[in-house]
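Comments concern the structure below.
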Amino acid sequence: MSYLTVQDLHVSYGPVQALRGVNLHVEEGAIVSIIGANGAGKTTLLNTLSGIVKARSGSVLLRGKPLPERACNIIRAGMAHVPEGRKIFPGFTIEENLMAGAYIVDDKQLVEQRRNAMYARFPILAERTLQQAGTLSGGEQQMLAIARGLMSDPGLLLLDEPSLGLAPLVVKAVFELIREIRDKGGKTILLVEQNAKKALALCDYAYVLENGAIVLEGKGEDLLSNPAIRKAYLGAEDS
Amino acid sequence: MDYIYSILTLTGITMIGVMGTYMVTGLTGQFSFGQAAFMAVGGYVSAMLTLRFNLPFPVVVLAGSVAATLTGLLVGMPTIRLRRDYISLVTFGFGEAIISVLNNSAQLTGGAEGLVGIPKRVDLPLVAVSVVCCLFLVACYKNSKFGRQSLALRTDELAARSMGIDVNRMKLVTFLFASAITGYAGVLYAFYSQYLEPGYYNWTVSAEWLIIVFVGGINSLTGAMVSAVILTGLPELLRFASAWRILIYCIIVLLIINYRPNGIFGDWEISRLWKRRKAVQGGRA
Amino acid sequence: MNSSIATPSTCGLLEVSGLSKSFGGVKAVDGFSFDAKPGEIVGIIGPNGAGKTTVFNLVTGVYTPDSGSVRLDGVELSGWRQDVIAREGIGRTFQNIRLFKGLSVLENVMTASDPYAPYNFLSAILSMPAKRAADRQATGQAREYLDLVGLGGMEEARPESLPYGLQRKLELARALAIRPKVILLDEPAAGLNPSEVREFIDLVRRLHERFNFTIVFIEHRMEVVMNLSHKLFVLSFGKLLASGEPEVVRRNPAVIEAYIGDEE
Amino acid sequence: MLQNIFFGLSLGAVYSLIAVGFALVFNILKFSNFSHGGVMSFTAYAGYLAYIWIFDGKVTGVAMFVAVVLTAAVVGSLTAVGIERVGFRRLRSNQAPVIYYFISSITLGILLENIITIFASSNFYSYPVFFSSKNVDLLGTSFSVADFVTLLFSTAALGALLFVLYRTKLGLAVRTVSFDVNTATLMGIDPNRVVMATFALSGALGGISGVFLGMNYSLYPQLGQLVVKGFIASVIGGLGSITGAVIGALLLGIIEVGLIGLVGSGWMPACVFVIMLVFLLVRPRGIAGVIVQEKA
Amino acid sequence: MRNQRFLAKTLLVIPLIWSGIAMAGEIVLGNLQDLSGPTSVLGNAVTRGAEVAVEKINAAGGFKGDKIKLITADTKGNVQEAIKAFTRLVDHEKAIAVLGPPVSNIGLAIAPIANEKKIPVVGSFIDPRVTVQENGEPQPSMFLIQPTSVQYAEIIASYANEKLGYKKFAVLYDQSNAFAVSMLKPFKAYIEKRGGSVVAEETYTKSDKDYRAQLNKIKGAGADVLYIPNYTQDLVITVKQAKQIGLNLPMVSGLDAAPPFASLVGDPEATNNIYFANNFSDKEPQLAEVRNAYKAKFNEDPINKAYLGYDKVTVILKAIELGGGASGPQIINGLSQVKDVQGTTGILTLSPKTHQPVGLSMVMYKIDNGKYQEIGRYVPESHK
């Protein structure tokens, strides 16, 4: 069964059409990536899924059910969103950031358990639980953002450009982490990436977004060798 | 009829005072929380010059406005670059400081007991002419390069800078002009009421002027003037409701802020009617 | 292939070298250099977050560079105030259109010439002949610019009521009106639909032919980049990754990797 | 000297309760909430009415004090929540510029003050004496029990607030929203409820301040205009910062008292203005600005 | 736009409809009071006192058959509002006389208009400038029915100096309060003329709520007594804080120390050894009726301003009788002839030269351990 189904999604910012009829499916347990150039509408798509941006038309079904109306309830339906630019709370400690991620969980023991699990998985965070998050390096902040996203134990994790502004070695670590979250954590992952090759190599299935519309889709490894990808990024070969 | 005259006169003076607030808040987006203090400066300086040196009226009018402008320079120079909340604090503090100085220099100003014996030099015709003249000056200012640059920096300081606009200088110029106009309102008030007291100029008056500007329309001189007339007139109309009238006044203001978020007039100006007609005629020609 | 664009002369008009800026320990721009000759159209491209807009902000004085120099016509501009730099002759547009909402379309363009308007405060408040003449002239010029970009007849409209594509054009007209030597366009085609993009490319060409100024632009729409630029600079992680002719640059493996990412 | 510092501190303690209530709302909605003054006046009278109508004859002394303070805190919360509903909810959904919030808050402040004037002003009122009026001498300074209680209670209230802000989920939500509404929403936090909770907290503090003001200065409708001291303190402290507001308030208290000794009370407001001006020029972000900068 | 125009028109039309037209057989008295501003407590008390008077007269068939109509207008404690309100009362409501406010600033502001319109204002504005011009001529339309600040301050000073024997005075007053300031200068002048001295002079302003620093300075100044001519809410703070810092001076004050002051403080130890002068004596028989009527109507004890409100009505009606008619000039004429009229606050005689009461004594009280003790009427030798 399709875990997440997006049908004919249209979004406008005032007069600007940001998404023009996007359709996509995410199977349970899959890593699906959406790739595309700057400004193609990738972030808008994720923001619409998590309710921050209101769609003009179209439908989004999570496990066959429509998403809650209000943005703040969407995480309760089992979908967590790690936003672009990480958006960790810089004045909070690492611990507090994780607590914010577990805001919807009322069971204190459960929260503690998950927190400990995060520290186990991210030893770098465990070392400085009381450090202000703003003082972390970019890669560490990304780890924290992902850990925060996992604190609500979502079925589906939306990741927006996790590689943004990170050095290649760190990017590699982040992608390994994503795979691990799926393999060991059993999460379904929808990944928005600019780093197309990395994303395609990682994912099971991918969509290419251009000017707010899906122009291409297919299995990750199939797209990896498709020359049209290059076109999507660097323009037409022949013009 | 005297009743109507006195209301019209005082409304006219308020209108001129509000023009100052309009310029600072409506044009440059600063938040003047002590605009009434400039009225105090204008009023007291002109009144004291008259009482002590018996200078002719036109001279003291000029002196009052100039004094208010200089005070504006003193306050504005160091602070105009601060961000909005700080400007409100500084102008607020300035207003309180002026009041304390007036209270504390009783030999000169009469202190809290007030200054009496100011001759009556202002009547409705003079105020009416003043309103028209000031309105002309302010409208011209708004319609000149100064007004355009002020409005530009109000909506977007960064973009304004990138157009080559010297933002701080423009804010200061507008602030000074506003001080001068408000100072003039102070002079008119002094020579109409024949009595001055420091307590009159406290921050609640400045706050009331801000309310007037916002109810009129965030960015409309026309709106500010209409709302000055309505909101100073409204309490008069509500006098029959005595104690309830401020309550009603507040509720009306709240309704406008909530349900007409750009104020009554938004950024509409009466001059647009005229402009449009001209454009239509131009089109035909 | 870009034969319609006037050939640039040889000496540099805008010369930026070794530009660096960090925010809270993160190096946003790291020793970036580029230059543009008079009449040249230069594109700056690079992946998201590479620091392109920061470069513009450094050149126009929004931020002060930590190090490096920005020279216009041989005059060092780094460290100068934003409005002074603008008056020296660098105009710009913004990624998220920043028009003056309180002003009409015409007045938006007029603000560009207002800092130079030859009348003083007194003429302004008394609406003296000097002021009226100057304003009339400024109005005339502004109308010309509006006509040029295709906004003639919309002088009295409010900018926020215009369709998006026209807002972009208005921003362009406003930047033109400061009569810049160099004009910086930050993602000028963002949010435009394909036909608008083609129209926009034509418009820029037309304007360039007429004024022959230098254009530096940031863009991710390759159609625009390839059609307009004489020269490309690729920015990645705040550093210059490659530069040169567009066709050459886009075949550069390092550039492709920066954009599309590396494989295992 | 020591005595004067003590006067300054205890005055600052009164200011700090006001300033913190003020700063809380700024923290979330980024505007100076002048309706806080109205809340203080309103609750001061509400506490008095509670004393007259409910508690009189049932409890006395400290118990009465606690009963009155709690009532006022509850009424303050409700009033502030009501204010948010009437004055700011619509503005928020319209995404109105901050300036409108400010205007709305001033109007609401005037409104509340006026309601009191209509219903309660042809006589003066005052709270009963809650504590022994004996003086306590300590280290060469003398202070009253009421003073001591004020200080103690302010500290306790601020402590409780800090506890709520830094140790509870609600506090976490408040701080999260203050940083970024969208990201907070992604965490499952309902911004509307957080804003309401913030107003409730701020109102509770307003209620407590109201009772203190009423207790120390007797009751009259303009009591709440002391909110301007909170305004000054929180700007000096660094807008929106809770600790900054406390420091700013204590500093303001000490400066005011110090200036009375130095230049005399007549020139004090003018001197406060000059000091404020110089301070803002030297440190435009306020005292807590350092922390804000480090965040960036 | 159409809506707005309609709104504007409606707003302009309303006042015309709302024209107050005096009915035949009706005497309209204006009552200009601060109902919503900083001194609203005083203004409301005057209003209620006046209402009691009017109700009583109307219940007894009116004044010579004419019903009395009291129209109250709010000044918001603001002089500009007061000017508007005053002209409205006179022009619009056709008031033939106006009960003035207990606030001198407003008296000063409306004096020129009242003179011009020849409408008498009977008030309790104690600043002598309200009733006497700088050239020594009386303000033609302004009348005062209680001692001026000079008389008042001298009564207190004389009592403190001559009866109580104090020589060294400290003063603490609200510099932004015209009442307090006007009570200060004549006090100092009187004391210094009699060989006394002011050894400490401290001030505060309206927004200050902590006077301990000032009181502490006074503590070290070696004064015999502290003079505090301030509003009630300030006096409450003063005595509480004086006690806190251990300042044990006797104090003298104006009528703001009258009830409910001591009960507001609620601390007998803090309200000890305080002398003050009030307008009326609770023991005097003429008061009882008014007090009972007031209590019955409003369910609270009248404060002294309420009695003054009552007396303002009494004096105006007396003046109509004396002046021979109910027009402004006739009442003004009558007011100058007011002699030995029994008011609740004393026997009133108004001087035609100053429009101020002559030889009006005040009632001295002492507060001992929170208890009020009436000492008796007092008037200094120099006033007789």
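For clarity, chains are labelled A, B, C, D and E in written order, and residue numbers in each chain start from 1.
Definition applied: a contact is a pair of C-beta atoms (placed from the backbone, for glycine too) under 8 Å apart; a residue touches a chain by one contact, two chains touch by 3 or more.
If you're wondering where the values come from, they're calculated on a predicted model, not measured in any experiment.
The chains in contact with chain A and with chain E alike are D. Each step here moves to a touching chain, and the least such steps from chain A to chain B number 2. Farthest chain from chain B (centres taken as the mean of C-alpha atoms): A.
Across B-E and A-C, the chain pair carrying more C-beta contacts is B-E.
Centre-to-centre separation of chain C and chain E, using mean CA positions: 71 Å. Note: centroid distance chain D to chain E, computed from Cα atoms, is 34 Å. Separating the CA-averaged centres of chain C and chain D is a span of 49 Å.
Taking each chain's centre as the mean of its C-alpha atoms, chain B lies 31 Å from chain D.
In chain D, the residues that reach two or more other chains under the touch definition are 114, 117-118, 228, 266, 268-269, 296. In chain A, the positions touching at least two other chains are 134. Across the assembly, chain B contributes 96, 99-100, 103-104, 243, 246 as residues in contact with two or more other chains. Residue ranges of chain D in contact with chain A, taken from their complex: 169, 172-173, 175-176, 179-180, 182-191, 291, 294-296. For chain C in complex with chain A, the residues that touch the partner chain are 24, 26, 47-49, 163-164, 187, 190-191, 193-194, 220-223, 225-227, 237, 250, 255-257, 259-264.
Residues 32, 34, 86-87, 90-91, 94, 96-97, 99-100, 102-104, 106-108, 110-111, 114-115, 117-118, 228, 231-232, 235, 239, 266-270, 272-274, 276-277, 280-281, 284 of chain D touch chain B in their complex.
By the touch rule above, chain E contacts chain D in their complex via residues 35-36, 38, 40-41, 44-45, 47-48, 175, 202-205, 207-210, 212-214, 216-217, 232-233, 236-237, 240, 243-246, 260-261, 263-267, 269-270, 298, 300-301, 303.
Interface residues of chain B, counted against chain C in their complex, comprise 136-138, 140-141, 143-146, 148-149, 151-152, 154-156, 158-167, 173, 177, 219, 267, 272, 275-276, 279.
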